[in-house]
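Structure first, then comments.
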């Protein structure tokens, strides 16, 4: 049970909200280690005997609401549902939808949750999945809300690690590329930091180094970590190397992008220095940060990883739809504070509250600061 | 059986056509009260025990041909078919289809009706569904042909009314908003006028008042009606209030639109004056004509209405595909007149006959005027 | 078993490749007459008792990867898979896919072949299906690679002919329209030339005459043929007339297109001179080369042909997925030559190797020339 204060923008006054825990996956941090382990175990069971699950979701409908295109993620969810015997509806282009006639998120979700048994949503604005979950009568999965969160990508990584290394603890993990903007990297580090005795090598240029709050998390969890600016040096003693794309759209100028994009490239020469049992993951799509020459190396698992992701999503859908005990806490209760005084408006220009102005203002206090409950940015 | 004259544009001469009644839903007016009641009864049965219908359309395929996007309507039809065990194919963008290579409607329908068991079509031009039905070998449903007809929206309204009020007669019905251009309002009034003892309150600005022919229909059916320009006054004694969006695209200038758009807004204050058992419907999407503050009011049924619509569409699909006795008259026979001399060409620039010039010219006589059988506009 | 040399662009040296025969349909020429007959027989069996095949592909997934839109072909494949009990995923617009983030073909195929049981691919560049097949772990079907090949269209034509004429040999076949650029015409001629005693009437303007290599094939196979510039004359004694669209996009100027587009039009007058048992086929979409006035003539089979195509695709999917003995030779072995020295780069600007530069360079020798194994154009 969660008690929090929100500012009701409709009646223009604060109100105390008591929420039941719920069945949405908005933020992987809200999931306990036990829940993650449960998903991984279920994914393995499905992989082992997929025929047993072929009718597990007979008659159920998944709605994929993609307010920005992401064919890969959408196809992975669709395939997952189809392989469970369910069906899918949805859109991949807001211009074809009622949105283009001025419809707000609340109305779209209210209607679609009357058609479907589970919703998978992607949106360019931060906090959208959280906002949508307020109005959905069926479980809802965050498939990416701007640069904020993308929990099922991390789920994919975790399932892959567990299947290929046989454990989620006692691992030495290298992450390489854009550690500043890469939401998948942040989420992966936060999740693996919960498991005992994992250590991290953070490989990036100084400009694209991990944000301080990630370092905070590592230190609080007592994780060992090193910062490195040489992939060749770092690669020699890892259990897993997580490569990421330098995302053009995150840079202010083409010049800045060009300066960064070729710094870390995993090629045959560097890979030859790695251990034989190291595995290479990548959230895909890649651009040039892994050369195609190593695709056939048995350590290159990024394509297989996409398949693990599909099984992870099958497990997630199943648990959210069928397992009444599988309740995900929306927000760790201690973060909420009924005296927050959350009527202040979030000023993050990429927050969904900027557009959907009827949304109740919800916040929490963290390290003495007031934070927006949708986009997790500081309110003031 | 229907006998009419059409002008064969291919052989360039009039010919008499004898048509069997058929299994298309082009215009809800062609449906008898008994047929509407049959759909409503079937929708209720499906709602009550959906599992009984989960395999009703096993192996059947619905083609959704959307020549202009309308995700909401398309998803409603797709969901309806999937919940009956059927499958769907289709497109939502003519630019991705053979149409962009210059294919005419006749050829598209001829091919698709060879792939599918039922077709749902939407098109920006008036009369397209009627034209398409001439070439389809499977039942065809009109999902909107320009500003002309959208019968399954009215079906949605009727199912909602019947389920929520328990009857379709003896109702006092308020309709509010753009009564001039709103095809859903016209269709709803025409349909409810067929049931005994319904009365209407027509709430609009003078500029957006209902067309005269609707008043004619009300008078011919002996329905009581009042014209009102105050939503606050009118709302006090209604069984149902039907709110509609002021559609920007119908106005000549942005100025005209702005002048009209905020005149009638249903808010908490006005709703407080309404009866406790009044229900509020809206075809959606809404813009600002209903404030979000009343969405949680138990009388606000517009989201539930969308769900009723899905059940109505399930019933319709089932009856068109499976019930051999469920034949819909294409046009009330008395409207046809073999001496019409229908070789004149329809001049309505939004009529499908402007583009698809091979279509036979078909007309009927009404109040002494010659009317186009596709778009129902005066020919001369 | 196939032995060939390819130039490994990654390791920058030639290597000898031994390939098993495989289960892709890239080029219909790779299929034996026995295999074509097997597909036709299977298609007929499915037509006869479709209910027997309703669950033949239960639990299987077809991915339709359409890098350029072709709704007709995509819907035909989707319908085929749905009617076999399978499901479909896919896209019809590369801009909505990971491709727009810079992903290469290899990665897309590697991931999607982990989601699906069979892939149908269409792409504007020549040789793409062949290139994709190198990275797919599931059977792959070419649905059109630029102006190069479109084997399932020819399969459609063959199924139609066999069902409607009862044979694939001893036929007098007229082909009319753009015989220069029409890939469907070339493929049909090449296929029918393999069956005994077929003769051809090639009806076109001198500008749009068949390429010389087609004449070569006819002569090598000992087929009779005539060249005609009069549809009215040629139509009188045919078993089948194959009409094709003059494709605007193939012409250098609008003027050239206008000059050609109305030369051959099949109308009532010309059709009246044809035999009663002649059948008319067309790959669709048509523009104006067949007038709508003859659509109701029993000889006009182009709409029914689309339906035959669906059954042909059902048979093909079934055989590729289920029949372990149905192996299609990628390339007639004798064309390969380990001394080809295929490191030269294909210069065809429309070849997929221009964009996907990591592709191994593969070639074969034909009539003393070196040919690109992807697009079948001369390398030097």
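Each chain gets a letter, A, B and C, in the order it is written, and its residues are counted from 1.
Heads up, the rule we're going with is that contacts are C-beta pairs under 8 Å (C-beta built on N, C-alpha and C of every residue); 3 or more make two chains touch, one makes a residue touch a chain.
From a predicted model like this one, the values you see are computed outputs, not experimental measurements.
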Copy-to-copy rotation (subunit A on subunit B, CA atoms, range 0 to 180, rounded to a multiple of 5 degrees) logged as 120
Same or different: at the subunit A/subunit C interface, is the fraction of residue numbers used by both copies above or below half? different
Based only on mean CA positions, could you tell me how far subunit A sits from subunit C in angstrom? 42
Could you tell me which residues belong to subunit A and also touch two or more other chains? none
If you look only at subunit B, which of its residues touch subunit A in the complex? 51, 54, 69-72, 75-76, 78-79, 82-83, 92-93, 245, 284-287, 291-293, 295, 303-304, 306-307, 310
Touch list for subunit C against partner subunit A, complex: 10-11, 58-59, 61, 63, 87, 89-91, 95-98, 100-104, 106-107, 110-112, 114-116, 358
